[in-house]
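Report on the structure given below.
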């Protein structure tokens, strides 16, 4: 009995926000308080379940745990056995940290949603559906399911940006849709290609096949290897758009600038990480040879991301845009980690994904609070904020320090690991990347100092400081960041076995 | 031994006979009823007939293929499934337009109903024909009734013009089909599709290849028109825009489904030998692929520029015709029938749903400009939500019918190793997000012009709900439909029925 | 007489039929006077004034409606004739079904006629 | 096979003339005629084939009867639609029929 | 092509012209008697040369063509109207041996060719560019096509009974009983429709003098006018012959009186029909246009349809009787 319940943990986690959806549907549209309350409460079960999952996870055993399959449908195919698609969920060391992070960030983002004024019912409905989508992405054990949940996040986010965003929300929503739609198309193509190659979309089955030497030999032959290469490129492009990698990043800037802060918390904190997750899950695990051939390019792109993002972040005056470019820069670090293709690199990448998730969630929570009070996020209009709002500024300072990778905070660990990993493989690029860290310090401090200190600007004279309902969530986020920073094993331990397995398979 | 009429098992034609009887009965009743009187009764009778025919057709599913009337009429699973699609489409349209036709033209309401049934009958004949003559007669019955339906709002210039364009272009395409058929007859001396296959093969091998191919391509041109696929799609936007919305949805759904049954029947029934003979891979498949790709590209890009929803839906239907042609073009994949029909069913629900919402909106705002949808989420949240699902499905996003249908076709194309058409499908699908989401944007992001509620008539509400259920179920629980389609005996479509006497 | 001879005779009739007007009009041209003048070449309307307006006026729609009805029923005859010719043979072959079949066919046309009747297409007003 | 060639040529010419007319003529009535011309071109083929085809038999003529009927019905529908259009637009010039656009 | 091919038609043409000449006279005379007057009686004994004189008059009359007329079509129209009227005669058999072409589809041939005349009338009216002419021709066409339907349908009973479209065959099958008896409805419909097809009273609306001046040939004069008239009277000849063949048993003798040669039997019946046509012209007034159309569509057409099924029933009841 207990075992069965445990088996059902991932699926329960994924669909637990639906309870809130049902309750919300029953609440009349004009009961704002109720809606907000239910909306926030509904994100608690996933968080609780996620933590339960985390504590139940056997870190030493590694592998896939809490696996569960519920049959869904099967397509009859000629010659080969029918293609069965199931509701197949489970966690391994790669998905666990991300899922937990996603659940926590979602809860806190729901808290940040109290600033939303209009159409609350629709907002929370979509928000909870979005949560289902992102949890599903991380916990699915079947690529078809992965794709479905991936698309759910796309559609729901489209609405969240388009309805509740600021002035240019429609443009942002469109841009988001176009790029991510293209990404999904590539992903779909890659998925079908993968199915043709491996005749299954189960992660475990695909991995098995991908590392079977006979099949590898077969795939390396002349006509087939072109197809394999094509599928690999589709995969990379699909997730590069999501991540976003350098040439595909413009949509993400708009989303950061236009979407409501609570949504950006989710978007920047969780959704971008789906790109990283996908790259590792499908790129690294399924195409070891192609990935190795491609690692140099990936590292180079990562470098561009880091430097380009950092350089542009330095000249931004708008905090949201600044953070958007900072995100670009930080995603470059994830790319570094992945390109390293060794244990420390991959660990660093996942660390960075989780840590950046918390950090950007924190910073956008801050921006939400700030905007609520001052109506602006332009640092030129925010000078001397520390005097009227010391707590808020303190949080901003802490978040900024985390962003620039101060030791003792999560950012440091992840950047360190990622760079360490890449130094083994591509020392030159890694060295160049370090420049990005210097720039990070520069743009972060510039923003924090300009906004927080100095003479008090006109607009913010009468601004109030945060009260506990806002402070508490931010403190939770901050404590997560510091917890990872001082005790990396809390994150590193569960993923260790999985990462090692991946790394050993690709020979890194 | 020759067989005569009474020797046949006429029950296999029961669905057609029911519809025929209903159409005749309704036209008589309509004449007897007082002018301007209540025509609600006609609607109910027609609906009952469609449902009755559907039940009969459904019961016959899985029976062995049977040929009647000296092998001119063929009832096999292929025909039965298509008939069910046609019946379902017409039934939903009838139900959804109960109120609509009251408004559009009181004087033409009776005509509307029985012309719809006549067109349906034509479509059903089409799907069951094993003979060029019956095929052509069925096709024309469908077409002629559709021409009139397109112009049924006879006081309105746009409706007349739509009908005019439709009748001229339709006539030309019929001429193409007929001209192609004349060559088939000339080379084979028979009008039976399956006998023609063998004799065409002989003719092909004895020096008449150009004529064999000529006949095929002439017919293909005509078929492309009927299915509103490129390069003969030009009529679609005008006709869709000008016709009354229920008629438009009939053209978009039922007419198109019938056209696809026609294409499949003729190409697979008569020209399949080209697959062994060679030119299929060299000529036919590329031609079909080009038609399909062109439809997708033209349909999806032209739809971007439209400001009228019906024109937009017309181009979208051109694009969907392109998607549906892919399985046939990639004939080597083995899920040809299943994937085409799955998509057709999905298309039926989502398009009908979208058109019904469109009708409701048009009814309230008086036009079908994109701007009419502004703020629909406020004026009628449920209609807006349903429309969103339909549009998302048309755009091919999970977990909807449209996604699964496209996915199925993609698998088919990829297993047949037609990668580039798969790529075209995907890219054009992404393009289509723009205009589908353009409507969604209107509904959710823009403020309404006035805050009045949009009333939804009961019939339309039922249709929207059924379509919604269909769209979601086909996307979320595809297994039922897959099983259903898997049980059908598709292979019998490819070969003649050997034993019609059942001895 | 053979098939060809029968139609040759028809050709003969056509030739002779064309020859008569040709001959008569030629002879007439030799005999008749030719003195054209303005009023003579005027189309007759009231006998005094030039005709008012174009004579090719828009026809009433009823002409077209009757033309359409004609086309439909004439085509019906196309089916009735072979049926009538082959009636005896078919009657012996398939029995009264042949009658029922034509009955159905004619029934549908009669519906069409009744429709036109009821819609006052047949009124010449 | 000699005789059939000339019939086929006649059919092809008729078909082409009809198609040309449909595409270029501005008078709606003429356009309808041209459509009929195309259908009749196919009829000529059918009848020619029924006499001189690879397998000559009566089926072609039966087919022709059906197509004549259908062509008549199509013409009837076409003319009926043209009336309605003419009543509203007061012209039979095809290029004036332009109320439908995006 | 042998001599008979041309000689036959020429002979027949002479006969027909003779017939027309004296049919016109006969008509005027009969109508005169019926109306209590003498009719033409100046030219020749008993007025026998009256029509000849009329024809000569037409021959030397000036041929005017209106300024606005479509000249080519104006000139062609009488020919188009006349030629079919003569060509249909090719299919008429007078006796078993006396016939010009024994077409298997004689009846269909007659119906098909005769409808070409309609085009001649329409083009004549159109080419004249005259309102009366155009209106007359439109009416004429409307009338002719409306009555062609009952005409065509009413014969189907005959075709069913005879089982052939060959006119000789139809006469042969009337050896026992003439079709006028079993096909009485068909005959009535056929006769009325043929009156209308001939544009004769009471159906002479297209040329109603009092309404339309003279109908479609208002602008025609001289011999062009003559050909329109000629066509009408040739049709009288043809229609009377056809009625004789279809319903009156052709050359079959009555009561087995076969010592009279078949050609005389034919001529007798034929003349009876001609007389009947003239009689009706003298007796009945012209009907209104709306009555005309309604009679055709609402009475004759349903009757002829019913007749088809009655014929079938009759065949069942009296199978073996004929």
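Which chain is which? They are A, B, C, D and E, in the order written, and residues in each are numbered from 1.
The rule we apply is simple: a contact is a pair of C-beta atoms (placed from the backbone, for glycine too) under 8 Å apart; a residue touches a chain by one contact, two chains touch by 3 or more.
None of these values were measured; they are calculated from a predicted model.
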{"item": "Contact-graph separation of subunit B and subunit D, given in steps at minimum", "value": "1"}
{"item": "Chain at maximum distance from subunit C, centres defined as averaged CA atoms", "value": "A"}
{"item": "Closest chain to global C-alpha mean, per-chain Cα centroids", "value": "B"}
{"item": "Most distant chain from subunit D, judged by the mean position of its C-alpha atoms", "value": "A"}
{"item": "Contact-richer chain pair (by C-beta pairs counted) among C-E and C-D", "value": "C-E"}
{"item": "CA centroid of subunit D to CA centroid of subunit E, Å", "value": "33"}
{"item": "Chain centre separation in whole Å, for subunit B relative to subunit A (CA means)", "value": "43"}
{"item": "Geometric centre distance via CA averages, subunit E-subunit A, whole Å", "value": "95"}
{"item": "Gap in Å, rounded to a whole number, between the CA centres of subunit E and subunit B", "value": "53"}
{"item": "For subunit A, residues that touch 2 or more chains besides their own", "value": "none"}
{"item": "Shared-contact residues (touching 2 or more other chains) in subunit C", "value": "67, 74"}
{"item": "Touching chain combinations (by label order)", "value": "A-B, B-C, B-D, C-D, C-E"}
{"item": "Residues of subunit C touching subunit E in the complex", "value": "1, 5-18, 20-21, 24-25, 27-29, 31-36, 40-45, 51, 55-57, 59, 63, 66-67, 69-70, 73-74, 77, 80-81, 84-85, 87-89, 91, 96, 99, 102-103, 106, 109-110, 113, 116-117, 122-125"}
{"item": "Residues of subunit B defined as touching subunit C within the complex", "value": "4-6, 24, 27-28, 31"}
{"item": "Subunit C-facing residues of subunit D, complex", "value": "65, 68-69, 72-73, 75-76, 79-80, 83, 87"}
{"item": "Residues of subunit D that touch subunit B when the two form their complex", "value": "4, 11, 15, 18-19, 22, 28, 31-32, 35-36, 38-39, 41-43, 45-46, 48-50, 53-57, 59-60, 62-63, 66-67, 70, 73-74, 77-78, 80-82, 84-85, 88-89, 97-100, 102"}
{"item": "Contact set on subunit B toward subunit A in their complex", "value": "333-335, 338, 377, 392, 397-399, 403, 407-408, 410-411, 414-415, 419, 422-423, 426-427, 429-430, 433-434, 437, 441, 444-445, 477-479, 482, 486"}
